[in-house]
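Both complexes below contain subunit A, partnered by subunit B and then by subunit C.
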Partner chain A sequence: MTKVKVGDRLIGWSTNEEVRSNGGSGGLVTAVFAAALEKGLVDNVVVLEKANQFEAVPIITDSVEDVFNSAGSMHMLISNQTKYLQQFKNEASIALAVKPCDMRGIREQQKRNTIDSDKIFTVGLNCGGTMAPFKIREVVESVYEVDPDQVKGEEIEKGKLIIETFDGEHHSHSIDDLEVDDHGRRENCRYCTVKIATNSDLACGNWGVIGELSGRGTYVEVMTEKGAEFLQNAIDMKFAEVVEAPEKGTEIRGKVNGVMLKMAANTHKEVFKPIEGDKLEDLRKELENCIHCGACKEVCPVCACGVDAKCNKYYDPTDDYDISLYHLIRFLHLSDSCIGCGQCTDVCPADIPLTRLYRRFANPVQEELDYMPGMDDRTPPFFLTKLEELE
Partner chain B sequence: MTAEIECEQNKRVSVSREGWTPKIVMFCCNWCSYAGADGAGVARLQQETNVRVIRVMCSSRVDAVHIYTAFLEGADGVLITGCHLGDCHYVNGNEKTLVKYKFIKSMLDEMGIEDERLQLQWISASEGQQYAAFVNEMTEKIRKLGPSPFRKPEVI
Partner chain C sequence: MTKTIKFSENVYTTVCPGCGFGCGVYLRELMPEGENHILNIDYRKPSPVNEGKLCRFGVKLPEYFEQTEYNSDSFETGLNEKHMEAIKKAADALKGVKSSEIALVSAGNTTNEEHMAFINLGKTLNTPVNTCVNHVYKDIGKLHVYTSGNVSYSEIENAKKIYLFVNPYVSYPLLTRRLVHAKRKGAEIVYFGLKKLPIACKNVKTKPCESLYEVDEFKPDSETVIISDITPYTNSKRISEIVEIANPEKTEAKLLFMKPFVNSTGAGHLSRHSKQKTIQNIIKGIEDGTIRVLFCLDTDIINMCLNPEVENVLKKVETLIVMSSTITPICEIADVLIETEPFYKKEGTVVNSERRIIPMSSTLDNPIRAGFNQINEIIKAVGGNAKSFEDTKEEILSEFGIEKVDEFKIPEVSIKKYDVEKVSDKLEVCCPADEPDTNAKFIYELNPFMWHNRKDENDYIEISPEFISEIKLIKGHTADINCACKSINKTLRYKPTDMENGYIFSQKKQPFAKAPVAKVNIKPTPLVKKQ
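Take a look at the complex of A and B:
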């Protein structure tokens, strides 16, 4: 077979039969990581280790064995990995699998010079949305009427969340129905517009894998030179095999994406319908429970300010303003760069729907400038010198 | 009783218009607009007295923090003035102001703050006339709008 090049659309799988049947969709991602580690293309790989049936934690490893034993993809990994990467201060090269929003965070940090793009290799995974583990635990008990401790695993198929128990039974419910009571995917995922991680080095996923390969192969689109190099390496080292993706597969992948985006657009309309009445009063009400712990800034994958940030420095707890300067500054600074990953809502101890508020300010600006943070290498508009560069 | 107290705290009493005069914060750049303001004074042009002028070295020195603080502290309007495009003492300071202004404007709009409450105008050192006209026009507009929604009743 000819060399892998940028723009190739392939279907690949792991040559290790055990990995292929146990791993998610053919284990191609595992194979690419293992090969890269073996060859020394990267020093470390971030893999998921199952914490329990609902949750996985990302761990960093340099052993090929760990990579083969990783948990695979999960629908309940809600943390954004950008901030973890910052801790390594670009001292080691790291390969990791990312959701589209993780990658957008990494890209934004690369623009802000805190992550070195040469040291990071990413495999983007298709993502239709993630679910908060604690919520699914609740749902399993209340809607599925299953003891949460009896759950073996979860899977999403054809719009249904399937819960498998230890006794081998499958319980399924439509995600749409769950979401009516806010029990399904996280709110920001429901209106997220990036489902395929085309901003990463390799965009992988099971959408578009058809026929006999279904469930045993991964659709992969090579996005960058680096992606091509890593995939070629896995093939050369006999860790993975690839075939050309059939036209029909590509079509189906596009279709699935289209359906997802349509649903997202509908939710977007619903969530961001114009506020009736006093907008300022509405905002003040949303923020009135804020305890100014600063957690939303701490987890924000696009914030690169550190402790000496303007939002911290100019905010004073004794201010007694209607809306604190902390929020106003953050709303402004994120209006061009918010990627809508939902981390702030997740960590907020006062249950403020922060992502929705950040998006409320970001939507009009990003739409007007046709700027999607983290999807390309454009300078964040707020950093530009001239207005003409914006349009 | 508790309910009553809660109700009292959550209620935003709108500022009565009686005896209210607009308070406007105006940022003037040192090289053009501040000199323009000086010129307007020397020429004895009639101006409204609601404007508090703050001299900054360049209009790009005006940060969002300054603008928001002004509003939160009870200003009914904020005006920013600087040199004409291309005339900036610091080459392209006012271009940067424009970028910043666009974002702040969009944000204030999203918060339901009227367009007139934040305005940007280029006034050169010789344009005393324009300076006085701008001040009078904006004061009149803000007077019509009434007190800023950010303004608290106890702020005089």
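Take a look at the complex of A and C:
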């Protein structure tokens, strides 16, 4: 096969049979990371250290063996890769797998110079949505009537959440049915409009892998020069093999994406239907239980403000405003750059649907400005506005 | 790609030490080669307690640990010469006095494993371990069955009626979401207190010293979950009235008593059979010379007491031994200081207020057990038999009647009565109660920052808008608050809050109040004329 280049659409897999069996969809991502580490293209890879099927923590390693041992995917792992990377203050070169929203956060931070794109290599994974790990544990017990400790793995396929137990049994329920009772994906995932991480170096996933390679190969779209270099390295080092993706596979990938986006659009309409009555009162009511922990800002992948952030600076705990300035400033500040990742809702101790509130402000602003944060290298519009004013 | 510096990383799956709620959290320790470690939190979303959510204290945990921990890397290679020297001094002091002259204190700021080893030390020395929390009522032994956690947080969410005696927003912030869920499902939430809480459907004005027999709205039944707390400042009369009126055996009402320290419930359970002293009894014993050695395990009595005079009393004890994972005021005056690893690095278990046993672990190949090993070294030095970590773990499981730790299941524990020395059932006041020159009552709102003596943006008071008008506080200015005897004055900012007239609240320890409820005088700070 000729050299890998930007725009290539391929099906790949690990040459290591154990990794190919254990890894998600043929273990290509594991193979690319392991080869990059072996060759010295990066110093570290972020792997998952699993505590059980419902819990894993991302951790860096410089060991190829650790990379091989960490193979496997988890839909309930909602890590925050942007914040994870920021810890290193651009002093480490790191390869990591990301969801589309992780990558959007990373790209927004690259624009704010807190993450150096030269120091990272990203493999984006298709994402139909993630599920809160504790909630899924409960659902496994109450809806699937399966002992959570007996769960070996999970997979989302053809609109179903499939739970595999150690006895080899597969238990499945329709995601639509689960979501009726809020037992499925996180709300923001249900209306998310980026399912394929075309904003990363390599966009990978199992959509479009058909025929005998189904379940044993990964569809990969090469998005950047760096992506091409890393994939070529894995092939050259005989860690991975690839073939050209069949047209039919590419078509199916597009169809799956299309179906997901249609579902997302329907949910979007439902979630963001116009508020009846007093909008301000609605907002006040949503925020009345806020305990001002600041976690929503701490986890926000696009927030780059430090201790002098305006939302903190203008917030005074002795104020008795109906809606605190902290929130009002953040609604404004994020309206051009909110990526709808759901991290703020995840960590809110008062269960305020923050992502939904931020999106209420961001949807019309981003539409008006024709800006989709984290998807390309465009400067955030509010930065531009400021510069134009200065000129 | 540019080569850069080498990093390694440990992740600790631990519990926030802010209060007894038991929030799961990951502490990330990033170690750039040749530089100091960097701490960060990561939200532990699979935790059955908090699903990754944290309060303001939890969000600031890296700062808390970085500012209070001893050189934590030094514990990874075992006990060093400095530790062994402190251990020898502690053992010598304990050996040099009679059993009755020793007071061991552990309020539950550490793991069950360390607490159990401490109990083992107590057995060797023939003296109990005092928890100083479950002490509030002379008949606490009878109440213990109801105050040791018999409602899970998820049961709160399914309750039809909830009676609240704590302000969740301030004291136990992670309760808030459980209450939000309950309210969404139709629960009626009634708050008995002096503020108006947004989460409550009904706020019933209830003064701190008011008898619940006189509060008509307090009518618990089988559909009621009552949430209160037990802290070193708890009004014991209130606790006994809650239990008496609720009478769970008859009405089937459910009771949840929150606790202030991360392992208060575990420590209370493991020490339940011992005849314990109260803080007041210990302080009295030091003053009259009957207690000559005080050994505090991760318990800062100075932090716990509102009256700063306690520091001078502690200085009088012949030997003050402090074993601590954090740098706190009591460490400053200790005769023997045994430094231990920070809480997040500890391996073992804690028990939260709902009586869930939560494991703490790490990605380290060799877990750090410095604190546990240090207590064992002291046991050996005073002639006792130290138990291994594994044996201690087994003993703890047996105490809780379980075979293995599973944080997703709350163990059924049969609670038995235990004894404590008789204590006062009245709230203390710092000045004579009938001082004529006071116009307000000051109340502390307990919170993790206060228990841990941490700075926060909480140095202000809350006061009702009507009271602001009455005493003519000027918007944007400050108020001067004096204690009743006028010896202490402090100027503070104020926040208008929907609450009862004649009261002021603070979430921070204030020098003018040496008791949970104190009479004070509040007036506008005089305006200084510009030159």
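Quick note on the criterion: the second predicted complex is superposed on the first by the 383 of 391 C-alpha atoms of A that agree within 3 Å, B and C clash if a C-alpha of one lies under 4 Å from a C-alpha of the other, contacts with A are read in each partner's own complex, and residues count from 1 in each chain.
The rule we apply is simple: contacts are C-beta pairs under 8 Å (C-beta built on N, C-alpha and C of every residue); 3 or more make two chains touch, one makes a residue touch a chain.
Only a predicted model underlies this, so the values are computations on that prediction, with no experimental measurement involved.
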{"item": "First, second, both or neither for A:60, with subunit B first and subunit C second", "value": "second"}
{"item": "Which of subunit B and subunit C A:304 touches, first, second, both or neither", "value": "neither"}
{"item": "Subunit B versus subunit C as contact partner of A:87, first or second or both or neither", "value": "second"}
{"item": "Partner chain in contact with A:156 - subunit B first, subunit C second, else both or neither", "value": "neither"}
{"item": "Partner chain in contact with A:381 - subunit B first, subunit C second, else both or neither", "value": "first"}
{"item": "Partner with the higher number of touched subunit A residues, subunit C or subunit B", "value": "C"}
{"item": "Subunit B versus subunit C as contact partner of A:321, first or second or both or neither", "value": "first"}
{"item": "Those residues of subunit A which subunit B touches in one complex and subunit C touches in the other", "value": "319"}
{"item": "Subunit B to subunit A touching residues, read off their complex", "value": "12, 63-65, 68-69, 72, 92, 95-96, 98-100, 102-104, 106-107, 109-113, 149-150, 152"}
{"item": "Subunit A-facing residues of subunit C, complex", "value": "1-9, 11, 13, 26, 28, 30, 32, 38, 40, 42-43, 45-48, 50-56, 58-59, 169-170, 173-174, 176-177, 180-181, 198-199, 361, 363, 408, 457-458, 460, 493-497"}
{"item": "Contacting residues of subunit A [partner subunit C, same complex]", "value": "41-44, 49, 51, 54-55, 57, 59-60, 62, 76, 78-80, 84, 87-88, 90-93, 118-119, 121, 132-135, 137, 148, 288-289, 291-295, 298-299, 317-320, 346-351"}
{"item": "Subunit A residues within the subunit B interface of the complex", "value": "278-281, 283-284, 310, 314, 319, 321-323, 325, 328-329, 331-332, 335-336, 360-361, 364-365, 368, 381-382, 384-387, 390"}
